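Some structures to go through are shown next.
One chain, chain A, appears in both complexes that follow, with chain B as partner in the first and chain C in the second.
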Partner chain A sequence: MRTLPLRRVRRQAVVGWLFVLPALLMYAAFVLQPVVLTVQYSLYRWDGVGPATFVGLSNYETVLSDPNLLGTIVNAFRLIVFFSFIPVTLGLVVASIMRRVAAGSLGTVARTVLFLPQVIPLVAAGIVWSWVLSLTGIFNQLLTALGLAGVTRAWLGDFDTALPAVGFIGAWVLLGLCIVLLLTGMTKIDPALYESARLDGANAIREFIAITIPSLRNEIAVCLTVTVIAALAAFDIVYVSTGGGPGLATMVPGLQIYVLAFSARQVGLASALAVALIVLVLVVILPIQRLGRGSVE
Partner chain B sequence: MFSSEAIRRVRADLRAARLGALAFSVVLVAACATPGAVTTPTPSSQPSTAPSASVAAGPSCGTAPVELNAYFETGFDLPFKLSEEFTKQFPNVTWKISQDQFTNLMNATPRLLSGDNPPDLIRLPTMVSLVKDGLLKNLDGYVTAFGWDKWPAAQLAQNRVGADGTRGAGSLYAMGLNYSLTGVFYNKKLAAQIGMTTPPKTVAEFEGLLSKAKSAGLLPIMVWNASASGGGLAFPLQQLMAAYGPTQPINDWIFQKKGATIDTAANLTAAQHLQQWIQAGYFPTDANAIQYTDANARFGKGEGVFIFNGDWQDAGYDKDIPGNAGFFVFPSAQAGGSVAAMSAPLTYGIATKAKRADCAAFFFNWVATNEKARQIDVSVGGSNPGGPTNLAIPPAAAGSVINETLAAGGDVAKSNGAMDFIANATGSIFAQGWTPELQKMVGGKQTADGLLKAVQAEYEKELKQ
Partner chain C sequence: MKVARSERYSGRLLLVLLMAITIIPFVSMFTTALHPSGSVPDGLSWPANPQWSNFVDAFTVANMTALLSSSLFIVLAVVPVSLVISTMAGFAIGHLRIPGWRLLLLLFVFGLTLPFEGIVTPLYYLARQMGILNTRVAIVLPLIGLFMPFAVFWMRAHFANMPPEISEAARIDGTGTWDLFWRVHVPLARPPITSLGILMSIWTWNQFLLALVLVEDPTQRTMAGALGAFQGHYATDIPLLCAGSLLILLPTLVVFLLFQHQVTTALLQGSVKG
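And now, the complex of A and B:
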């Protein structure tokens, strides 16, 4: 242990803080302040411009008792299946197949194609998919060509299929991200592990379960975190493709907050729902974080 | 040794951390004022002072260079063409025009009006809450200065807000660039196919045509009902309401009169008819996924015999199906009964803190009275330019559906059948009430009775806020 003179230690610390200060100020002004303000607004009844009335926790009571608002939270959890579980599961499968069979230039092309949705702005993706999934869109044309004309419908306008259809768009966007993350993780796995497994007579599926998945705990945790947040805080895809409809079939908290704050001008209630959403995201994400960290220690 | 070193380090860090914390707390303390308290503008009980000295001299744009700060609605040419013509006639006036979709504009308006650079001229959504917050300029001074009080009173009524926050009477807070009319457009070729020679005289006759169209394999009515565009089924619903009952209770509800309800016997009959139309397959099956522009594009390509819409779409239909677009006012339940239509001013307002209010007000007056401006109103906007009764309505091109909508406007005025739109009753009754409930009706998940009750509940919830 090298000892440093006290003065130098102090100076180093101050200099360190000075380096952090600009970022810290930005963070305080544009992240912490809005969060604090949101918590504060949630205790008021306020239209965004006029005088505000302090109402205590009554906005939270509304969030927890209004079936429409609770319904948005249920929808967000249903989206997790599509935004999170499907991309991560499918991502694992696709990535391990790509690692085994698609090396070289073919792999690069496949990676690029699969990652492409991540590069396209979500709004553009939402618009394109709303064409594809419309009554006369490519998807229905394909179904008709396959002799499935009976099931064609306006996928985003049907009460039963709108939410899965939105979820499908989300899965399409997030799959590429998961594949790239997981592929990168796989390159770090020691090939000797596979080799010894093969010597022990393990087949591809056994290797996948016994080596690939445990080795990728960290990457899987990151994928889950990113995609779960994308599901719970979904806005762009839903706003563009369905606007929350039909009825409230695809209304999610993010969109509901926007509607409440800006068109209903109930800033207090919108803020309360936003705080509830933050808490919800934390409650869901923290266990996933522990899962990832557990593997390191 | 190790521990004392560590403690020293921690102390130094702590001291530096305090610096950071100070920066944080400055921000946080600033955040903890009561929201709105600082920026609260003049309360509504004290209407902003009417223009005084300048009005006596006649408000105008003067002769010095003036830049009008304006917010227009994307997708509608009319205000842009009017502003070009205005600058041609008054070269000292230039424009700084910002534009946005109406739904975005609706959401941004309170902040635009209360901001540091408030618009001189802005397309307005529902205005009662804006007036309550003191964000819109009281135009009463201009009413007398320009003699708007000598115009037909009904023209200005929808833009008046009383001290109790109800619309329809009181001080003037906005002006219409023109006055639109809604009704039923039809594709003349397809209508001939189902034997329609004259517009239907009763609802029953209209329903007969719908049935004929259906059995002829045509789509009877094209409609948009996706969330992003808002529930277009509210158009036929309101027309049915006015066919089966008087317009006054509907207007009272829209104007937020005390105790007003949308859940009436006449409206129930109307909603039941709409539901029958849906169940009979008179609308496209994918109605809930159709946006406004898609619906009009599909109608323009010959899908749908009828479409419920307003005269702002005249120019579009003229272009898509030239000479083939017709229009009639929705008939009443009984033959010879009075007809009604949604008719609303294309509302523009002036911010309370606008720097060029006089020039903006002069522009309003110019739009309604200048010959060229009125011509643009008709040929570009497709709507009645309003203004004083002694000015004739400029003619539209021969064969244009504009001529039919303008003539229909006369019929509606004669039977005093003008209504505002039920979607305009409150800021979010369309997004939170009509649209989702009408979508549920299309999906077979809502009844006529349930629709009205749900919307009424949403209305009362919003008024309580």
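And now, the complex of A and C:
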């Protein structure tokens, strides 16, 4: 390759930067600037209208000491069980079954159907399931038909069951994505690995643990990343199905930020919680990313 | 592959069961929508006298024509602009490797995990300051910015894999960077651009939080935002709520079934790269 004269190199660098500029400007104006502003707001006491008072880190002290605010973070972690753990484990089981028994048309139909919740708005998922899990909904109808009329209740309105019910809606949304992702990964596994395992006398479960799971390290990391972010930053489903209630039983950080900023008019405290949420997501996601990167890139 | 018959049947049974859990909620919504408006029917029961007119009523009260045009407007304002500017940036970062590209990439990647709730409060005050609060522009501009981390990251991945020889040949012919981008690279990048376009359209259509915070009037919102407002107003009239929700969902379902393959592929690639 011939070396270009210095002036041309410079000109090309300038032109190149002009290519990045529009994207960078939009990103800086509507993402980076708000991030900086969130950090700034978090240091003030402000009702959104009147003058703001500088209060240092006291909003963060409140976030870390107020049991109600800490409770939202605990709820977010409890949601990970439903949003991440269930879709990924169940997804692994279902995907390996689909690979073995449903290569034909049933598999194709199943892929489409199970993907459906991924395409509709989360708000719609919330509305549909609010109805299914309501007092007169189909879930209680089914329980009654099975002779379990005693346990029927308004699942999203009961202190004990509201959070698992919200979690179930999330699992319903995310399971299909996990199944299809994991299934795609499974088709890339060399069949010879399974052949040799079988010659060594491995059964299906042994195969699953020794071959399937390690080969899918990358896909599992992807599923975990997507679902954990969905759990920690949950908003739409909770807003629509429970509004954080009953009491604060299903209150999550995202919804709490919204309530604090726009109903309680505590913009500073809302912003401190927002900063905490941004950091929390980063801290939880980075190790998962590392887990996946090792095997592929 | 040899699979025992019992395993095959139990596996298929599980699949059918999972599909039922996915579909039945929608069926329940549909039968409920046919019950008399204002009644509280059982979850899954066919009404004695199906009220098909509920759908007509819901169409009118939900102001469907206004909702559809509003959502379409927002998608058409967000997606083409986002595609052009993110493709240009991805090209400069991934292919031209302009000085400082690593830092730029890192800056964009930071935004990948950013929860929208984290910045929605300042966005509200920014929109108020700019005088665009309660207009569609208040959704459009932030959404373009919020799509940049993923979109730039996605397009960079494509351009980073393009062999430099493609550009060198064109350069020798004296082609400038602008022409090189539009005449040579954009045509080659059609598949990732298409997938990205599908993804951003779905995400825009389904965007709820920004619509909720930045625009009060449902007819100026995205489809998901409108749906949220509709639920707020008609929470007590369950048949009407179900009819309206189904109508609002219909366009999404039709598009999904028509472009099933493209949408599934795009969403899968999207989650892998994101």
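What to note about this one:
Here is the rule we use: the second predicted complex is superposed on the first by the 279 of 297 C-alpha atoms of A that agree within 3 Å, B and C clash if a C-alpha of one lies under 4 Å from a C-alpha of the other, contacts with A are read in each partner's own complex, and residues count from 1 in each chain.
As a convention for this text, a contact is a pair of C-beta atoms (placed from the backbone, for glycine too) under 8 Å apart; a residue touches a chain by one contact, two chains touch by 3 or more.
Everything numeric in this text was worked out from a predicted model, so none of it was measured.
Of the two partner chains, chain B is the only one touched by A:Q266; chain C is not. Using the contact criterion defined above for the overlaid structures, shared-chain residue A:L282 touches chain C, although it does not reach chain B. In the superposed pair of complexes, A:G50 makes contact with chain B only, with no contact to chain C. In the superposed model, more residues of chain A are touched by C than by the other of chain B and chain C. When both complexes are overlaid on chain A, the residue A:R153 reaches chain B alone and has no touch with chain C. Residue contacts after overlaying the shared chain place A:A210 against neither chain B nor chain C. In the superposed model, A:V109 lies in contact with chain C only, and not with chain B.
When the two complexes are overlaid on their common chain A, residue A:W129 makes contact with chain C while staying clear of chain B. Looking at the shared chain after the overlay, A:A13 reaches both chain B and chain C. Of the two partner chains, chain B is the only one touched by A:T242; chain C is not.
Taken together, the two structures place residues 1, 12-13, 16-17, 20, 24, 28-29, 32-33, 37, 41, 48, 134, 239-240, 262, 267 of chain A in contact with chain B in one case and with chain C in the other. Within the complex formed with chain A, the chain C residues making contact are 1, 3, 7-8, 11-12, 14-15, 18-19, 21-26, 28-29, 32, 40-44, 84-86, 88-89, 91-93, 96, 98-99, 104, 107-108, 111, 113-126, 141-142, 144-146, 148-149, 151-152, 168, 177-178, 181, 202, 205-206, 208-209, 212-213, 223-224, 227-228, 231, 238, 241-242, 245, 248-249, 252-253, 256, 260, 263-264, 267-268, 271-272, 274.
Residues 1, 12-13, 15-17, 19-20, 22-24, 26-35, 37-38, 41, 48, 94, 97-98, 100-102, 106, 109-124, 127-129, 131-132, 134, 136-141, 172, 175-177, 180-181, 184, 219, 222-223, 225-226, 229, 232-233, 235-236, 239-240, 253-254, 257-258, 261-262, 267, 270-271, 274-275, 277-278, 281-282, 285 of chain A are the ones that touch chain C when the two sit in their complex. Against chain A, the residues of chain B that register as touching in their complex are 1-2, 5, 8-9, 12-13, 15-17, 19-20, 23-24, 27-28, 30-32, 34-37, 39-41, 103, 106-108, 110-111, 114, 129, 132-133, 135, 226-228, 284-290, 427-428, 431-432, 435-437, 439-440, 442-443, 445-446, 462, 465. Per the touch definition, chain A reaches chain B in the complex via residues 1, 3-4, 6, 9-10, 12-14, 16-17, 20-21, 24-25, 28-29, 32-33, 36-37, 40-41, 44-52, 54, 130, 134-135, 153-159, 239-240, 242-248, 259, 262-267.
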